[in-house]
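Note that subunit A is present in both complexes that follow, paired respectively with subunit B and with subunit C.
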Partner chain A sequence: MTSTEWLIWVRGPGLQLSLGIFILGMTYRIMQTYFLGRAKNLAEPRGSQWLHGMKTIWWRSFFHPGMTIRGYFTIISGYTFHLGFIITLLFLDQHIELFRSWTGLSWPALPPIVITITAVLGIAALVAVLVDRFADPVRYLLSDYQDYLCWVLTVLPLVTGLLLVYKMWLPYTSLLVVHIISFEILLVAIPFTKLSHVFTIFIARWYNGAIAGYKGVQS
Partner chain B sequence: MTKAKTLIEHLEQQGISRRGFLKFCALTTSMMALPPSMAPGVARALETARRPSLIWLSFQECTGCTESLTRSHSPTLENIIFNYLSLDYHHTLQAASGEAAEQARETAMKENHGQYLVAVDGSIPVKDGGVYSTIAGISNLEMLQQTVEGAAAVVAIGTCAAFGGLPRAHPNPTGAVPVQELVRDKPVVNVSGCPPIPVVISGVLAHYLTFGRIPDLDDYGRPLSFFGTSIHDRCYRRPYYNKGLFAETFDDEGARKGWCLYKLGCKGPTTYNACATVKWNQGTSFPIQAGHGCFGCSEPDFWDAGGFYQPLSAGIGSVGGVAAVAVAAGAGAGIAAGLAQQSQRKHAQLQHEKVTVADLKESES
Partner chain C sequence: MSVSLERGIQTLKEHIDAPVASFFTTCVHCGMCADACLFYTETKDPKYTPIYKLKPLRRLWHQEYTFWGKLAAKLGFSKPLTAEELKEWEPLVYDSCTMCGRCSMTCPVGNDIVYMIRKMREGMVAAGFAPEGLKSATERAITIGSPMGVKFPALKNQIKHVEADIGLKIPVDVRGAEYMALLSSMEIMNFPEYIGAIAKIFDQADIRWTLASDAFEATNSGIQIGSSDLAAELVERVVAAAERLKVNYVISPECGHAYTALRWEGPNLIGRPYPFKVIHILELLDQLRSQDKLPVTGKIKERLTFHDPCQIVRRGGVIEEPRRLLEMVAEDFAEMEDHGIMNWCCGGGGGVSTNERAATLKLTAFNRKRHQLEALGVNTLVTVCANCRITLEEGLEFNNMDVAVLGLAETLAEHLAEQSPAPTTTQTH
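Moving on to the complex of A and B:
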């Protein structure tokens, strides 16, 4: 196959297939979790589950002092990576065009230089957490292949995207193919690995908040 | 028999001065990406070259390639280079027709066996024995095989000949194939484009006349000197791309200010051609300069590469149907799995037997 034929495939059937698997997998995970059911609580409720659940989803996205018990490294690298990745994904013109082709929705983009900085920060944070994973004996022992697989799958779209913007290493068409494929592999992997936390984290947060809400305590 | 004229003699006969000729040689040298010191060598080679025979075969095509070449105004490089060649067969340009035309081709093949050049525009249909396009009762496939047999080299002119082009677009009803899929034992140069830039055609022919061989080619068999860089790399709107300034429609403020046309479907980043440097109509302009994005016409399968006005980063085809099926299938499977696990849990609870003191004593003994 030529690089042009690859490009047509990854932009067409490849994208449809990977998006289909992603949606199918995530719907499966969410519905399965919901239909597992919850044990009946016989105690009298002292507050709203729903409201507390929603509040917890929102507030746990932000920094609070209790998070620093184990030091600042995880907090700083975690925020840096997640913000870097999300801003790069959602605020580059080319990415917005992809979302527009799917949903018809678009929003203002950030200048390419800002996206370059967020992508570089995201990659730097990922490298830092990988080094830390090797350096910290406990974390190293707790790590399995899936942690490393998820790291590779997450860093690849950022690295190939940077190479694409600055046209390094390969011709543009080949780089675009590699970049889109790396994104498609990530999409396929998300529902079936720890990366499914992109959605399940909201369920977990809601559940924690709902339990606290039912008891009438702060989550 | 009169001695065959050299190229310079032909030019002199047509009133082209030596100065004009040298200017042409310098330009050709530059276009072929050769060092300036090669210009005298090119001039010497062209001065003494004999007019080689050129047989131009037109198959599944629209004549746009010939139009592109002949619509250029005289005196041009294209015009001059065709004075260097003996164009012995060309449907559109030759005076002869019918049997006389075919005889001209056969005579040229016989008299110049092993030395003539073959230019092909249009793709070749091979489905059902190649019945979908015939000339003088001969299928395109057969005519190509006959003609190429004694050729020195083959130049596939235009995207149809180079990569199949429009006739090969999905679902390719005639089984159209490009020249390079059928000609394996001769050098083939692909001069792609819909149509190709006239100067690129003449540049390739000039290279052959000068060096007696085809130029260096890229992975798609195109001359590197013309197809070595992308439209995007040489585009004068590139700084706007780098700054993230894009025209959103063809008549908004961005379009009037000459911002990048990426969002309007420009395929410049993935297209390799010389449009942005050589330009069209004697260097007047090229599509992006005229305010329209690049179609990517010099790339393989450009007709099947999504909408012309869709940005490169957008997907090809709809995802709505896929998403709906995925949601339905995922929800069905998820609900079934969740309920099955719930039922398993209830069953396990019902089957659960409490351990008694007697059980423990029994296990101790």
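Moving on to the complex of A and C:
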């Protein structure tokens, strides 16, 4: 296959396939968790589960009192790479164009320089997180192969995209194929790795808040 | 695989529910929970990171519920849990966790880590891995009726002293009383003043109450060790006595985990709702306060602070009541920097104080409280849990700190006004 044929495949069937696996896989993962269920609580409640669950989803998005350097670093670097990734994904005009060609929907793009900045910041934050994973004894002890694998899978679309914008490394079409494939691998990996936290975070926070809320405690 | 290991693994599997699965799926290994745990902050040893204490349970979840875990198991690549692994984790799960729940408040992805520690202990004890101190306390609770081996005659003896002291009769086995009060062995043996205090307050407020000769113990070692069966048996005794005496309320005493056991876990342990309500002594006292049935006189002049027992405040939801009550008798009540739902544990909860093996670690963990007290510069500390109180006293003594520890109910009883409250100022400490 020539690089153009590859490009046609990854943009068409390849993307559909990876999206399909992503959606089905994630649905399965969430359903599997949900159907594990939990015992009905027979103690007399003092507060609302729903409300506190929702509040906890919201409140855990911020710094909390008594946080240490490790905490500030986690939250700031975490937001930087998540936002860097999402903004780059959603506001680069080529991405919007691709989306428009499928769905007819589009929105204004950000100038390329802004996208370059968000991508570079995203990569920088990811590098910082990786260095810290080795440097911090707590994180190093907790880390397993998936932490490193997921790091690679997340950084690749950003790096290949940046190379693409600045026309470096490989011929344009080949690099574009590599870039799209790196994104597709990421999509497919989400349901099968700890990357699924991007969805299950809402479930985990909700349960935490609901368990505390039942007892009348804001968590 | 030995029978007990198999039983332990089976128990752990049964405890993996939707919250547990969502927590393990979501953990990003950021390590932020370490900073919430006094065992980590005071030792800086990474193995005390809360989520790390659950590694065996996490491995089991990974093998049972994830694509790669299941695939590896099918292909014969996965390493099943071993007795050695559980044995190695025993000190992490018991000695270095007071089940204070502070970690659960700080995890950015929302993991309720202590919810999982509670479950992990079920599997550990089923597999035969629990500290000797806790095992024997649980055995005493089941066979004698109290983890400290206190039988009713011992309580009767204490009651006699208290009655002589306060000149009031302590009601025992009174049918049709409104409230049945429970005690902790620690109170009976070390702080019997509590019995006198509530008797005086209840007498003045005209509360019809009673103790039960066959169910006076509120603590529940079954919960601390993580054995739901034994915990349920202990709860059943309280329920039977409350039903026999036909009371409307059961009062949980100044004890942290007893409240968790009775109020939040009890009905779930026995599998049915209670025919009565459980009320914490602080909730009841606060009700009396709001009905003007708790008139006090005089205030403690010295600056003092309040130690929040984790199971009553953060994990129990009784947060403002002790503060409102303390304000009544304290002129200069200062809060520690982290207080209320973000308080730091004394270091002796969750069965740690019953576990001799953990004695040194407990004193190390106490340094957190020491720093808090030093920062505030107080000489009086009020609390509402007999176990916290003993742990605090031990820690203070070990560190040669001149801080008096008071129980809230007693402090209120000491300031109880016979008639209407008089605005005087006294020096009580």
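What we mean here is this: the second predicted complex is superposed on the first by the 201 of 219 C-alpha atoms of A that agree within 3 Å, B and C clash if a C-alpha of one lies under 4 Å from a C-alpha of the other, contacts with A are read in each partner's own complex, and residues count from 1 in each chain.
The rule is short, and it goes like this: a contact is a pair of C-beta atoms (placed from the backbone, for glycine too) under 8 Å apart; a residue touches a chain by one contact, two chains touch by 3 or more.
This structure is a prediction, so every number in the text was calculated from the model and none was measured.
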Problem - Of subunit C and subunit B, partner touching more subunit A residues - result: C
Exercise for the section: Once the structures are superposed on A, label A:Glu5 by its partner contacts, choosing first (subunit B), second (subunit C), both or neither. Expected result: first
Exercise for the section: Check whether A:Tyr207 is in contact with subunit B, with subunit C, with both or with neither, and answer first, second, both or neither. Expected result: second
Exercise for the section: Could you say whether A:Leu19 touches subunit B, subunit C, both of them, or neither, answering first, second, both or neither? Expected result: first
Exercise for the section: Name the contact category of A:Tyr34: first (subunit B only), second (subunit C only), both, or neither. Expected result: both
Practice task
Give one of first, second, both or neither to describe whether A:Leu176 is in contact with subunit B, with subunit C, with both, or with none.
Solution key: first
Exercise for the section: Could you say whether A:Met168 touches subunit B, subunit C, both of them, or neither, answering first, second, both or neither? Expected result: neither
Exercise for the section: Check whether A:Gln94 is in contact with subunit B, with subunit C, with both or with neither, and answer first, second, both or neither. Expected result: first
Problem - Touching partner for A:Leu105 - first (subunit B), second (subunit C), both, neither - result: neither
Handout entry: Overlap of subunit C and subunit B interfaces on subunit A (superposed complexes)
Key = 29, 32-37
Handout entry: Residues of subunit B defined as touching subunit A within the complex
Key = 219-220, 230, 232-233, 242-244, 246, 262-263, 269-270, 299-302, 304-306, 310-317, 319, 322-323, 325-327, 329-331, 333-335, 337-339, 341-342
Handout entry: Sites on subunit A touched by subunit C in the complex
Key = 29, 32-39, 41-44, 46-47, 56-57, 60, 64-68, 70-71, 74-75, 78, 136-144, 147, 191-194, 196-197, 200-201, 203-209, 211-212, 215-219
Problem - Residue ranges of subunit C in contact with subunit A within the complex - result: 16-23, 25-32, 34-35, 40, 46-47, 49, 51-52, 65-68, 104-112, 115, 263-268, 271-274, 277-278, 314-317, 319, 337-338, 341-342
Handout entry: In the complex with subunit B, residue positions of subunit A that touch it
Key = 2, 4-5, 7-8, 11-13, 15-17, 19-37, 93-95, 97-98, 100-102, 109-112, 167, 171-173, 176
